[in-house]
Amino acid sequence: MVDGVRHRFYLHLFPSARTKPGLSVVNRIICGLIVYSVVIAILESEPAVLREGRGFFLVSEYLLTFLFAAEYLARLWCAPEDPRFRQPVWGRLRYAVTPAALMDLLAISPLLFTLLGSEAFLFRLFRLFRILRLAKLGRYSEAIAEIFTAVRSRRYELLGSMACALFLLLISSTFLYLVESEAQPEAFGSIPRAMWWSVATLTTVGYGDVVPVTTLGRFFGGITAIIGIGLIAMPTGILAAAFSDALARRREGKGGAAEE
Amino acid sequence: MVDGVRHRFYLHLFPSARTKPGLSVVNRIICGLIVYSVVIAILESEPAVLREGRGFFLVSEYLLTFLFAAEYLARLWCAPEDPRFRQPVWGRLRYAVTPAALMDLLAISPLLFTLLGSEAFLFRLFRLFRILRLAKLGRYSEAIAEIFTAVRSRRYELLGSMACALFLLLISSTFLYLVESEAQPEAFGSIPRAMWWSVATLTTVGYGDVVPVTTLGRFFGGITAIIGIGLIAMPTGILAAAFSDALARRREGKGGAAEE
Amino acid sequence: MVDGVRHRFYLHLFPSARTKPGLSVVNRIICGLIVYSVVIAILESEPAVLREGRGFFLVSEYLLTFLFAAEYLARLWCAPEDPRFRQPVWGRLRYAVTPAALMDLLAISPLLFTLLGSEAFLFRLFRLFRILRLAKLGRYSEAIAEIFTAVRSRRYELLGSMACALFLLLISSTFLYLVESEAQPEAFGSIPRAMWWSVATLTTVGYGDVVPVTTLGRFFGGITAIIGIGLIAMPTGILAAAFSDALARRREGKGGAAEE
Amino acid sequence: MVDGVRHRFYLHLFPSARTKPGLSVVNRIICGLIVYSVVIAILESEPAVLREGRGFFLVSEYLLTFLFAAEYLARLWCAPEDPRFRQPVWGRLRYAVTPAALMDLLAISPLLFTLLGSEAFLFRLFRLFRILRLAKLGRYSEAIAEIFTAVRSRRYELLGSMACALFLLLISSTFLYLVESEAQPEAFGSIPRAMWWSVATLTTVGYGDVVPVTTLGRFFGGITAIIGIGLIAMPTGILAAAFSDALARRREGKGGAAEE
């Protein structure tokens, strides 16, 4: 009878064991707890917030660690239900060293580090990766997989356009260094310094903390900004073509079955 | 004979009753009044303008409220012409609680609130939504519908790329927080604070009010800016593919009838 | 024999009379003069440059006016060669009131205005439009025509997405006005004022001269910046699809003859 | 026997002699040395870094010059293995004046210039171009060639959209000059000065060092920013269509062989 309970636990805890699409209720709750734990970790980094709610954050962390520990033990207990980890001891040990299980163990550790006096509270952000492990989120993970496929199919073009970008970055930094280094030694006094401006301009971010002031510097600056448009247009065009291609293949293959 | 008048009113007031394409003259005037009323509300928020033309704004608002009230009563009177609201009393009551009629009623309320001393003049902006109710603007609403269809058909990909974006936002904020928090505690003293910079950089807005100053901070900042290009390229590429797909289907289906 | 000279002049001056592709040598020189004249006008607006080279600019302008006047008279003389302006007097008068001829006349006027003491030197920029009249620049005008066709075929979608943009602009301005007007009455004290920030953010320009400072303002500001990506992605995607569609039609129609 | 050694050297040094895909080990090392030399040159431009490691930089430069000189001599020695440079003396001389060999010679010169007291250390950046000569980097150079083909096939459209952009730049600069020159003579006192702002806005870089302050200036500024989106959308759409077209041709031609 214990085996029946264990099997039911197993079905609820292990996404790979689930036959129906989507996540089980238990895993949905765990996903919610992970998001909650990450939000808490983010907010806690703000001193003003931490001062107000130190107690709340501490209780939250204790509770979350307890729940994640319970989840970890439950998974360990259920592991032999998986055909790959059949033996009670050896199987569980082999399960415990899988990346997924180690990630689960890592999720419990932050409190431990904090109790030991270390400032390791950022470890909690790693919990976010556990969502990816659980995330058989149906259509969403399919969509993300599709995006990755499209990006991967064009990886050489994307890397090639990135190489062009690096080349342009180097050239525009050198130009601005040559032209502006006398007028603004602080901002353009060396090529690495000029790169900060170049990156901001080529990506069209344009902070404006560093800006060419000489006529020649502004001329090259303007050209850099215009080239920056090409730098955005290139990967966008490549990705658009990759997505279009994927849709066109689907259209041809399945005969208009792309929407469903 | 009254019924004949009411039927004519009905035909002019209810877009759904119109057989010809486009808007009736009456509804065009109402659209114009709505736009006028919204422009007035926007301008009135500027103290310098309000001081100059307080009388003009007050008269405008009285007049607009009067006209919208007249329109509301006219619609209520004509409602039984619609087969769904056939009964004189019960039908009109049922019409009065439809979202469209409630929206019309809401359009009359701002003056009331103002008279009661409340600062609710922003309610007037809600009148803009009434244009959507009237807007059987032919080709334009068709085009907007097409855009929405394309966006909806790729909603999983768009949401997936937004999830990636949020993930990157969190990572880059954390990095900058770790690297810059000592040098600039005001701007990067916590992850939520660093997020303001991260959003501005990843979207390539780049205000420049907050900027990394350490070498390592600028290094990660530059990488964030370059990733920001990918963040723009992703949804653009997905949408471009969706629009291309829609056009290709049309081309295949209707045999080059896409333009008309 | 004069008629033979006139006919040769006609062939050189009127792009419509040319049978070979490209521009005649005379018209190329005129294009060069127009560009030169516009560059002069731009540079002359800079006081520092004007002070140095007042004599040079004056001589240039006299010379250009003389050449453009000679061109105008030559065209007037040759006009009857065109079948539409056959009669010596009446035909030339009818030619003189065509938009193209009036534009040519306008190109001579700036010096006149300057001599009369008026500050009308910016009229000279209008000369640029004359290039469009001459511009049978072969592949380039074809390419521009193709771009215009693609833009026009999707004009409803583009205007629809612009309507969405205006709507978002209004909403984000209102939000920021409500949230930031107390903290920064100068920059966010009214909806029209907040619009300056909103436009800069939604278009991802992000000057940074005006920036939200409250937590809530930054939250809405961040969302506005993210929506701004959509605002760029929408028209880009629509245009990409339009260009793809045009290429696909060509490919299908001419069987892979798109490149030549 | 010397000839056998020379032939083996030839096979390792000349990318054109290689039958297998990818780069030979020797050329990979040379590529690495070039990258190392460029990184050194970039870092050395920073005074703070140079002060710390003057000795290291000097030794690096001596070593690199020695290695590149050895490479140059080795290539010169092997040149007659190439059928085009068969004769021992005349063939080597003809090889020495090929652009590739001159570029190799240029790579040795910077140290010479430095020893002669000149500040020509930036010559070292030219070494980067030598990578292009070696770069038979397989898939990457194929991908870059594909990008160039796509850009070239649409060059008229891209140049046409750039002409539109220049036209808009001129118009918006003139408008802002007319509207803002009185309020901000330093930043908008002439059309060339206003162009700096215009470029930053149309490319959506938006430094914010120069910003319109009058109401009318902000109105035109906002319109310029919105037009800037079109300026980004245009080339992106054109490129996306070009890449899509290339993929569609491949799909049709090879029957779904696009991925491999």
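The first chain written gets the first letter, and so on, giving A, B, C and D; residue counts start at 1 in each chain.
One rule holds in what follows: a contact is a pair of C-beta atoms (placed from the backbone, for glycine too) under 8 Å apart; a residue touches a chain by one contact, two chains touch by 3 or more.
Keep in mind the model is a prediction, meaning the values are calculated, not measured.
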What's the chain with its C-alpha centre farthest out from chain D? B
Rotating chain B so its CA atoms sit on chain C gives an angle in degrees, to the nearest 5, of 90
Counting shared numbers against all numbers at the contact of chain A and chain D, is it over half, same, or under half, different? different
Please tell me the distance, in whole Å, between the geometric centres of chain C and chain D computed from their C-alpha atoms. 31
Centre-to-centre distance between chain C and chain A (centres being mean Cα positions), rounded to whole Å: 44
Two or more other chains touching the same residue: where does that happen in chain D? 200, 204-208, 232, 236-238, 240-242, 244, 248
Can you check the complex and tell me which residues of chain A touch chain C? 204-208, 236-237, 240, 244
Would you mind writing out the residues of chain D in touch with chain C in their complex? 153, 156-157, 159-161, 163-164, 167, 170, 174, 177-178, 189-193, 200-201, 204-208, 211, 218, 221-222, 225-226, 228-230, 232-234, 236-238, 240-242, 244-245, 248-249
In their complex, what parts of chain B are in touch with chain C? 38, 41-43, 45-47, 49, 122, 125, 128, 139-140, 142-144, 146-147, 150, 165, 195-196, 199-200, 203-209, 231-232, 235-244, 246-248, 251, 256, 258-259
